[in-house]
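Paired with chain B in one complex and with chain C in the other, chain A is shared by the two complexes that follow.
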Partner chain A sequence: MTGEHRHIGRPVPPRHHERLVRGGGRFLADLRAADVLHAAFVRSPLAHAAVAGFDATAARRDPRCALVLGPDDLAGRTAAIPTVWRLPGQPQESIPVAVHTARYAGQPLGIVVARTPTAALDLAEAVRLDLAPLPPVPTVADALAEHAPPVVPGAAGNEAGRIRFGSPAEEIAAALARAAVVVEREFTLPRVHHSPLEPRGVLAAYEAGTGLLTVHASSQSPHAMRQDLCAVLGLRADQVRVIAPDVGGSFGSKVFLYPDEAMVCAAAVALGGAVRWVESRAENFTGAYQGRAQQATARLAVSGEGRFLAFDADLLADLGAYATQAGAGPHQVTALTLQGPYHADAAAATVRGVYTTRVPTGAYRGYGMQEAAFIRERLVDEAARELGLSPVELRLRNLIRPQDLPHTTHTGLTYDSGDYGAVLRRAAALAERPPPPDDPPWVRRATAVVAAVEISAFAPTALLEAFGIAWSGWEGVRLRINHDGTVTVHSGVIAVGQGIETSLAQIAAEGLGVPLDWVRVELGDTDTAPHSDLSAQASRALTLAGGALVIAARQLAGRMRALAAGFLKAEPEQVTLRIAATADPSSPEAAFHGAGGARITWRETAHRGYRGWGRAHRTDRIRLEESVDFDPPQLTFAHGAHAAEVAVDLGTGRVEVTGYWAVHDSGVLVNPLIAHGQITGGIAQGLGQALTEEARVDGAGLPVTRSFREYTLPAAQDIPEDLVVEHLCTPSTVIPGGFKGLGEGGAILPPAAVACAVAAAVPEIAHTLTSLPLTPSRVRAALRAAGITAEGGIR
Partner chain B sequence: MSAVAFDYTAPTTLDGALGALDAPGRTVALLAGGQSLVPLLTSRQVRPDVVVDLNGVAGLAGIGIGADRVRIGAMTRLREVERHRGLAAALPVLASAAAAVAHPHIRVRSTLGGSLCHAAPAAELPAVALALGAQVVLRSARGVRSVPAGRFATGAGTTVRAPDEVVTEIVFPRTGPFTYEFSELCTRGSTGYPVAGVCLGLRADGGLVRAARVVVAGCGPVPVRLPGVEAALVGRAVAGPHPGLVASVVAEATRPGSTGPEDREYRAEVAGVLLVRALAARAGREGR
Partner chain C sequence: MSARTVTVRVNGVVRTEESEHHTTLAEHLRTALRLTGTHIGCGSGDCGACVVLLDGEPVCSCLVLAVQADGREVTTVEGLAGGGGLTREQRALIEEHGLQCGFCTPGLLVRMAHAAGRGGGEEGVLAGHLCRCTGYVGIRAAVRRSAGDAGAGR
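Up next is the complex of A and B:
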């Protein structure tokens, strides 16, 4: 057995799977806590109202009641949550925790703490609200209408601000003028729920004696949460510790501190005790921030030879009642990535943020790139139809070629590496198959292929600084060989079910040349994790923490070798490390070997190292620990192409996805099993948005989709059995290890792929396929409008 | 979420259950399979003072196949209805409609009586019970009565069951020369909530419709028979063509004065499409 420990590229089963399946999970609701009290919220039943009264007399008199904090109490105990990524001109710089005007149904107005969860709910119901209704503003159209009721003071016409990216207007105008074909369409990407398996939750414990607030939270970004909590509660960073236990999915819904979470912490401080809140599914449907929510008017100009001249879009972002910490961020990313993987003479987009009386919107897997892909790929498809060209051919003609890379787009993104054409051709080839002979006459079947790039390694410090986004974009790791030779990795990224702890262990084990099971990865605790504001967002964890870990492991492996060489009285390059696959660190099978049969085990090397022995100089470092901060030189871009085959039932309007083929290039894959799971899961989510998911309200702005009865998520049976995921590999040129992200890629393309396939199946309605989801009733309405009768479909 | 506190009683006899229902001034909820009631309780949409659990009551479950009638106990699980061999031969449409409800985890708990009492507008079994002309048998301390399935549900989620009554069994006439089938469109795959459903009963001879029974679900608060459509089918070739049939289903299922969900036109059109396809499938099976 040699010292070769090849872990990168191996399909190792994710380490958390067995633990979770066997009931060993530690989710927020599972955590044991002594003397914990339980919280429930008083939420606004109206979309827009002045809170004239909050009478908790009856609740406070109940012996089960520990505390009630209403708007006035909260005003004295909390400051507003600061926003970070603002639109130019944005009038609202923070999100208040204490409010006297409810701006969306479900907005938390107060918190009740009681001895049991049921008592807390009972007492929350016992609070008497005196609300003076204000006119609701449920849609962007309502908000922008003349004389619309104002949602946010200071926002003229309910506009939160605007920003433009890309080519100057005159270049766009010139491109439109010389085009043979200009395709313009209106697009609607509705609000959607993230629907994590585990809703949100907080367990906050405050010790008055030490002044320490310990917060366990189902959070995707513990450091960002701590930073916001300090601002809200007026505490110092060293007084607040945030720990994310097992997190049952987030998809962007748990990236920022919410006002209700802040109230739980304020209540713990007020009580000098522990308070837990576990969000119900019903609350998650009304109170958790939503995703997407974009309307667009977009154009594609094409020359007579089928060359893209310009992409141009006006985007309306439904921000809801408040711009969250990242505000219109996802919509800005739509604008930045509208051009996608194609050449064009010009490309630009304007984003306008709009306030409505609905729950705020924010990050959701794909972060604006799904919207961009839908708009762009539908426009390309429509242009191909108007030009009489094959859509695949039109795409291939305009794709950026490998020899053109690196290539900087009109919005300033520099694509580093990849082969966009190879990926698209592969997806198209996979999807090629003869139609089944037994389709009934009312079924039309067709396939489409679409393409996108995926931002990853978000983000270089310089980029965030240029945008004025006050978050850290770099990522740090701390890699330690313990005194017994085992290995511990600390990172600021966190596990949300994606398997990052396994991938990081693989990188560390390979870099050190040790067996995988020697490595433990510790994540999610602000007291021990290196600082990370963005943590596991934005397909960045593997690229940035992984990149840092590659460097740290190289350095630490060198230090171990030098130590061992010293003990073996040899030069480092004369020493050989040989570790058997199943050896433990103290085994003779895990040793550095010098000349003449001399050897020292891995454990003994580490152990002596910790005693401070074997240093060449007194000033040499002792602890076998490397801290590396990696600030990427630029973003790195993964990319992919998806092909969908759909069967459209002309009579009922139902669209069934009968085959799906995804080809991605995410550079070097650390764990193909995890990569497959990430892409497949993303596809499933994307198919839901393509076909069924839409968070709706009624005319009064009250949520209609309040459970999985009204809100249809795709189930296993809705994912085609013919689902193929392949990866090509063009290593990143800017990330150590050659990694690129893949957390969002699967979710970016399905709506575009499905809608383009429906368009190919039923060209009569192609021009209408610009709004999601493609529910049976919506598709049937389009068919009816195109003169395809329900019976006509049947023959 | 957790339910508002309630009293709970689990009688083991029908008399015990009827006694528990005699609770003047208190609201009582009957717990059968719990697949609808429990979510309503925990979301606090239903707030009974007492929950009477019927799961331990002897004699409320079971399937009896007689020469003229099939009797199914109200607490019979849908999974049992779906898999019962005798029933598959006697009333196959019941088995196939039961199999169309949600997914197996739910059907293992969910009961026939519970399904009828929950009276969801697009639900499968109330539509089939109506088409088959079933009788719903109710018992109370006052006595026994039998209500035709077509008069049992009075609206979405409401029935003629009095607060002191328990549905004990559902009695289905054997179908004689009629052959029934049920089909539906769901919000997703086969396990989503139904959008619209159709139960078609047909007596055919020589490829021609001699008599028809058509029930549509999902187009209004309760499933309804469409006598106009039934009459129009008589004398037609089963195989069609059926020009104007979808339009007649839409017209009759959404006739003025009736109410329904906002997208009822679409749902009724789906019901019409399902009906035409059921006829075509029937003709195909019989080789015509």
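Up next is the complex of A and C:
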């Protein structure tokens, strides 16, 4: 039926890229706005302090000043931002916009609005803060120390709550008791900056007459932002419209409303006008939420035959100054996915949230799964070493086999489909190559292969309800054939550079059997996009919006066919649709054909349909539009295996990744070009975390990494030339279209792969390779502690 | 106020606008001249998103004051193809998926245009440009492809 229009599986470049390469991007800072004023923030210069005074007299007296809102003003104008996913026992249910105690350096205390950006910055500096310093609590160890200064009221011992997932403690204890080998290690995954190339930004315009607030925001989730803004500002849902223009990367950093963004909107309401704030890079480094921030004590018990008996972990989650909307969510996902793609007799993990006087942490690409993979794969590697087994062999012995699927883990995740062994073996085979003959004697080189599953289709309503997570997990689409025969898709997911608008267009075009350029995908406007709290997060956009679109296209294609059959005086199954590849909707080459040469064009069918003609019954629907809400029956699991080859310089401690091979199974690939780009981009971010990235503060808790000079993102020369990505395909059994996620998969495994490869290259220091990043100084210290030097390494 | 007029020939068109002394060329292009294709990713010359050609040489326009560009020639991403067909570099970047969010792309394209025909090595083109989306795989392929296309005399 749609043989001429197979779009799924075609590597089509995203169509809007032509606009972007011509300089026609519409990012937040690019938007035109009439009479717009500019905002800057008064931020805390200290990590911990009581705000005794906020004196804006001088700023307010300046003729360039439009408005200053300090803590007291904000308290009268804003309510706190609600949280949606809390730890049991979490003392703090919301995030105040107005604060009288600064809990991290960079925390916004007030907002200044002026005629120009420069004036706003000047005037923000003119505000005189009276701060009463409190002792900083920069690390988890500081926070958990006896007599530690309290960070958040009501949090005894600075604990934000705790939760345990998985097997009962007695099953873990029994497994440990019968093990031949128990490997226990302490792990650290430091705080990292997402560093999207476009920082955050908000343009808020309030019309006092109509009471309408229109907010453009560099956001990954406009509907969630609207809900939070309604709560903060006391506005009705239909008074607030949030629109995401082009978004210059996010990776989890733009998913929630931040207090500073809320202040911009409060200022627009107060002024009855338009206010824009574009975050500076320094602000992004100090004020935007960070990722990871996890410490773990974890153990793996293995039998003498190399069978996994138990995974067990105690996770400490550095939440920072407050729990964000999803709080310890990423760490809970670490607990849930610790078992990964393996069988084990038992698996469990405990998460404890900890408050510190640092910027809060939250979602980052790989969301807890990267942490789980690092802990798990390093433990597996260490166990293999102790048992004298090949690490690949030990993994293959324990991987869940295709015939075992579906399989439910000890934490209650049901894996649907895949061939974990095939993927691992393929990655290992790709990585196999003879060492180069010219390595100097002070360089050691080795390869490691690691494996993980990737949660996608997050999340079925029942699962979110069971966890008490106040988000919608389903995803809706509206698919419309317009009166001229063109096709428009509305979806609640967001484009953040991942090309989702093109992938969705491919699904719609194939489902309807039409050329790709007939389809336009509209995203990002809460007035027109179907509701979506989670939007483009959690490797879910393609699986859920795509799955919904498969259903909608099937229904709408059937309605068009029935209409055409009516006009052609035929039965629907006697009608054939033939559309030439380059036809437009009104062309004779785009028509339904009946008996005896009768035909009606696609456009004429749609046009008559919109007049209400051709309906079998008076009560039949008229608009050629299908609205589908897809609530997945369960999660679907993508999976992958990565192999890294590293060269370790025994003198300097420098680790160079000399080859990288990634094999993924994300079900049916809609656009292999986009899929490949998602995986390679994720790998680059993961390599950054493996080798260089760490958000640091000094002893007073003040940020040290404040620009790209102190915080090293991977540059082109840091990514190996030999970077190979392959895909196997096991269609999802629970998602229409067979799709699985892949947005995070690339980022999940690189730290594990690199650390395990370094361990293979220098087994003498393998047991120490449990903290990221593996900087030259950290590796060199481990080498020297093991008595290894460049000279001694000469063999 | 500390302002003066600044005249630049941007993408072949002479433009005269007021600029304050402290305004960077990047801000002047974006605000006074409404050429928002030049993006500001860091404001400190580290990311390369704001690279433009000043009298034919690539500079980070966030590190140059608008007044320093007075009387000089500037080429921005908008001027590479003009209103016409895409350049070899633009086509290569699209076909090799060398962009995702597109925020870093304008500066990179200006750099690639500058390197075209000069035979600058791949590493030379990519040094000084950060991309957080692509992992550089598509970018490197695009740089090679456009260099190869140039070599083929097209």
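Here is the rule we use: the second predicted complex is superposed on the first by the 787 of 795 C-alpha atoms of A that agree within 3 Å, B and C clash if a C-alpha of one lies under 4 Å from a C-alpha of the other, contacts with A are read in each partner's own complex, and residues count from 1 in each chain.
Definition applied: contacts are C-beta pairs under 8 Å (C-beta built on N, C-alpha and C of every residue); 3 or more make two chains touch, one makes a residue touch a chain.
Everything quoted here is computed from the prediction, not taken from an experiment.
Q: Of the partners chain B and chain C, which touch A:S390 in the superposed model: first, second, both, neither?
A: Neither partner.
Q: Of the two partner chains, chain B (first) and chain C (second), which one does A:G677 touch, if any: first, second, both, or neither?
A: The answer is second: A:G677 touches chain C but not chain B.
Q: Given the touch rule stated above, what does A:T57 touch, chain B (first), chain C (second), both, or neither?
A: Neither chain B nor chain C is touched by A:T57.
Q: By the touch definition at the top of the document, which applies to A:V21: first (chain B), second (chain C), both, or neither?
A: Second partner only.
Q: Mind working out whether A:A790 is in touch with chain B, chain C, both or neither, as first, second, both or neither?
A: It touches chain B, and chain C stays clear.
Q: Determine, under the contact definition given at the top, whether A:T582 touches first (chain B), second (chain C), both, or neither.
A: Neither partner.
Q: Between chain B and chain C, point out the one touching more chain A residues.
A: On the superposition, C touches more of the residues of chain A.
Q: For A:S280, select first, second, both or neither according to whether it touches chain B, chain C, the two together, or no partner.
A: After superposing on A, A:S280 lies in contact with both chain B and chain C.
Q: Is A:Q717 contacted by the first partner chain B, the second partner chain C, both or neither?
A: Both partners, chain B and chain C.
Q: In the superposed arrangement, which partner chain does A:L121 touch: chain B (first), chain C (second), both, or neither?
A: first
Q: Mind sorting out which residues of chain A both chain B and chain C touch, each in its own complex?
A: Dual-contact residues (chain A): 118, 280-281, 707, 709, 714-715, 717.
Q: Looking at the complex, which residues from chain C come into contact with chain A?
A: The touching residues are 20, 22, 30, 35-44, 46-47, 49, 76-78, 80-81, 86, 90, 93-95, 97, 99-106, 109, 123, 126-127, 129-140.
Q: Note which residues of chain B are touching chain A in the complex, please.
A: 1-5, 39, 43-44, 185, 187-193, 195, 242-243, 245-246, 263, 266, 269-270, 272-274, 276-277, 280
Q: Once bound in the complex, which stretches of chain A touch chain B?
A: 117-118, 121-122, 280-283, 442, 651-654, 691-692, 707, 709, 712, 714-715, 717-718, 776-777, 780-781, 789-791, 793-794
Q: What does chain A use to touch chain C in their complex?
A: Its residues touching chain C are 13, 17-18, 20-25, 27, 29-30, 118, 195-199, 246-249, 251, 280-281, 496-499, 673-674, 676-677, 680-685, 707-709, 713-717, 719, 721, 723, 746.
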